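Before I ask anything, let me first share the structure, which is written out below as structure tokens.
Going in written order, the chains are labelled A, B, C and D, and every chain counts its residues from 1.
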Amino acid sequence: MTKRFASPDEAIHDVFGGARIMFGGFVAAGSPATLVAALVRRGTQGIVAIANNIGIGDNLDDLCERKQLSRMIASFAIRASSARESRFERLYRAGEVELELVPQGTLAERIRAGGAGIGGFFTPTGIGTVAAEGKETALIDGKLHVLEYPLRADFAFICAHQADEAGNLVYRGTSRNFNALMATAADVVIAEVQEIVPVGAIDPEHVVTPGIFVDRLVLSGERHVSWY
Amino acid sequence: MSAGISRELIALRVARELRPGQTVNLGIGLPTLVAQFVEVGSGIVLHGENGLLGYRPAPGSAEDFDPDFINAGGEPIALVPGSCFFDSALSFAIVRGGHLDVAVLGGLQVSERGDLANWCVPERGGGSIGGAMDIATGARRLIVAMEHQTRDGQPRIVRECDYPLTASSCVDLIVTDLAVIEVTGRGLLLTEVAPGVTVSEVIQATGAPLAVSRQVKGMDL
Amino acid sequence: MSAGISRELIALRVARELRPGQTVNLGIGLPTLVAQFVEVGSGIVLHGENGLLGYRPAPGSAEDFDPDFINAGGEPIALVPGSCFFDSALSFAIVRGGHLDVAVLGGLQVSERGDLANWCVPERGGGSIGGAMDIATGARRLIVAMEHQTRDGQPRIVRECDYPLTASSCVDLIVTDLAVIEVTGRGLLLTEVAPGVTVSEVIQATGAPLAVSRQVKGMDL
Amino acid sequence: MTKRFASPDEAIHDVFGGARIMFGGFVAAGSPATLVAALVRRGTQGIVAIANNIGIGDNLDDLCERKQLSRMIASFAIRASSARESRFERLYRAGEVELELVPQGTLAERIRAGGAGIGGFFTPTGIGTVAAEGKETALIDGKLHVLEYPLRADFAFICAHQADEAGNLVYRGTSRNFNALMATAADVVIAEVQEIVPVGAIDPEHVVTPGIFVDRLVLSGERHVSWY
């Protein structure tokens, strides 16, 4: 019983218009480029995307070419100073896509909470800033905290280094980032990997994402990444 | 007005604040330059909020760039003995949980109470919070490294930030091209001036009341 | 009153409920016996709340006991291809986050609404919650495996639990030495009786109203 | 700069009366037996202990011989049915030690929250039971949740398999359990390990507990564990 799909297009065959999709990765590290390219080909509209970053050179910015996003939840979107404008930035300024900016640690924790069945949590991050505006706060241990709620999605597109046929995943370098969290927080988790090995080939001590979290596997295409 | 020190020298001055055994996060931009002055074997552990502890800047080039080994700014890094990797939840557990001894962030504005604004230029809109709010809130000691004034000559150190805040009352030390300023319970205290810069020039370039330390001296470079 | 089936047969009957691809947690005591009937290669993945996925019971002995490879009851386990280990936070993220397809827990009492009491005998005081509350709350499907009556012949299936609850309205199926009973939105439904046990004997031994399924049959062993 | 101490007694030299101490381990797996034995020798009184379990055969039960515990926070303490009584159980019934029973997942999450700077969190676990009595609740997404607060301690006594001199830890089998969480949630973290290797000898991909969390290292004594 393998979870392997023959192509990224087949692996995302049931992504529907308006779907809420999490995309792993931190800048280029662990970004599911192959799955994003398939989503661009598929042309699905009205996507609510959850990802750390969307900017110049990011794979996700490709979803702006045909205006596939209706809403973006991210920590990095518009650089405070930047010579060039991303496609996302242009759409955002034109009012064609919504943006919910979330502090990165809060974003990570909200996704973890979504995967862990935590109904909400108090964080000191964002107090006194727009990130806490309109939100419930509480004084805990002498310190103001803001109540944040979990994030979940219909799909998670993630990227790991190696999988076994059961979906156990290991990552490489700084590519765990949001991938390992998003693997727990979506109804359908699709992982692209460099290599799929037989069940049992990964040392049980080294598995980072247990296979029960992963629904589908597909091989990554060649990576074209530029250092920017 | 005398020219201040270079960005590299600001970074060097910041690096002098770091001690063996400390875990240190460096923000994107100017603060990243501090890594160049942290020697491997110094006992200072650099934290990348993208999920690593223990790294050094890698020379890197477009040809051999490996996107799986980067800092939070997307630049190439190399490992040091004792490096390790983890996910973003553990990375911000480190930040939020008080395990970060020092953070160095860039700044757009710092207020006299140590409020920091560094993620959004209102004229541009949108913005990028990244890890800045968590880091400014969670780090035990926060150093802001920035130019003393904007390109238009407006002060970045102000009574009250008019840019959107990153966190309030979070900054402990400000290191600029002109000066080193401590944020104390009684306001800002000028402790060092850059080579060739006078105390009155610093006061002139600062948009908030500035007490001058009795021990004010030349920058420790 | 006829004697019911053995604990091993209760476990076997429970094992028949499990499907390939499911992630399954087995509680301490009787439920642990279910592991013996889960074949390696069946596609059923056993979860131990102490931090592992994918195991099988190990024969084990006092001499070669390795305390680092145990189930949540402290008994020795062996790995299967695809096993992995993790900490207690991730283990309960699996439980609480809805990633556990089925859990099998022991019971002291189950109410007609599917409330479960299994962690404290009031006469003894104290008690041990262990993972039971999280598992009873988080599992998508909860099967209780227990003796139908106490040693004193008191019913364990009752209108209202008088023992402290583990969780309310959590039980989906009850498998005992006498019967298989579903917890439905309209109360308890008897679907199977143990070999040699009659429907009226089960009703007699049950302390809550029991509807009898039209398809009631002998236990699927 | 090593974190290694020559003996467990030196590693716990500053544990004070009334200290709040976390003890890792799940039954025998990952239990810091060497450090507990040193604490028994030290005889420190009034300890508030946080651990998954205290029962017959558990190392922690040894702290009851000289009544060193004032309060126990645990998920497993008194078995619903047991032929033999632990020393803890006898003290508890005599009113000589307090017991706070916490559901295991909530205990894990409270410790994680303590280490991660989370001020509190909502969990559905315990609703309708004594575990939620007197606590704030909230209806989130149609489901009642109870608000739980973080746990921290003065010391954490943990047990891992291998450490490097910088304190990076790897575990073995089911011994990560509470150890990996407690490593983040105490002012002073003391780890006993089977082996201490040079910095750099552990693959960066395989480190489970980063060294920055670990203050002191000591070698484990021989383990005497019985299967019960």
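Just so we're on the same page, contacts are C-beta pairs under 8 Å (C-beta built on N, C-alpha and C of every residue); 3 or more make two chains touch, one makes a residue touch a chain.
No experiment lies behind these values; they were computed from the predicted model shown.
*Asks:* Chains in contact with chain B and with chain C: which ones?
*Replies:* Under the touch definition, chain B and chain C have A, D as mutual neighbours.
*Asks:* Name the chain whose C-alpha centroid is farthest from the C-alpha centroid of chain A.
*Replies:* C
*Asks:* Calculate how many whole Å lie between the centre of chain A and the centre of chain B, each centre taken as the average of the chain's C-alpha atoms.
*Replies:* Spacing between the chain centres: roughly 28 Å.
*Asks:* Starting from the mean Cα coordinates of chain A and chain D, work out the distance between those two points in Å.
*Replies:* Between these chains, centre-to-centre, one finds 33 Å.
*Asks:* Centre to centre, by mean C-alpha position, how many angstrom separate chain A and chain C?
*Replies:* That gives a centre separation of 36 Å.
*Asks:* For chain C, what residues touch not just one other chain but two or more?
*Replies:* Within chain C, residues 52, 85-86, 89, 92, 95-96, 138 contact more than one other chain.
*Asks:* Do you know which chain A residues sit against two or more other chains?
*Replies:* Within chain A, the residues that touch at least two other chains are 109, 112, 116-118, 123-124, 171-172, 205.
*Asks:* Can the chain contact pattern be summarised as a line, a ring, a star, a complete graph, or none of these (other)?
*Replies:* Chain contacts: none of line, ring, star or complete; other.
*Asks:* Using the contact rule from the top, write out all pairs of chains that touch.
*Replies:* Listed in label order, the chain pairs in contact are A-B, A-C, A-D, B-D, C-D.
*Asks:* Hey, which residues of chain A end up touching chain D in the complex?
*Replies:* Within the complex, chain A touches chain D at residues 109, 113, 116-124, 138, 140-141, 143, 145, 149, 170-172, 205-206.
*Asks:* What residues of chain C sit close enough to touch chain D in their complex?
*Replies:* Touching chain D from chain C are residues 48-52, 60-62, 65-70, 72, 74-77, 85-89, 91-92, 95-96, 108, 115, 118-121, 124-134, 137-138, 164-168.
*Asks:* For chain A, which residues are in contact with chain C within the complex?
*Replies:* 1, 112, 114-118, 164, 166, 168, 184-185, 198-200, 202, 204-205, 207, 210-213
*Asks:* In the complex formed with chain D, which residues of chain B make contact?
*Replies:* By the definition above, chain B touches chain D via 20-21, 23, 43, 45, 47, 52-54, 79, 81-86, 89-90, 92-99, 138.
*Asks:* In the complex of these two chains, what residues of chain D are touching chain C?
*Replies:* 26-31, 52-53, 55, 75-81, 89, 92-93, 99, 101-109, 111-112, 123-131, 161, 171-181, 208, 223, 225-228
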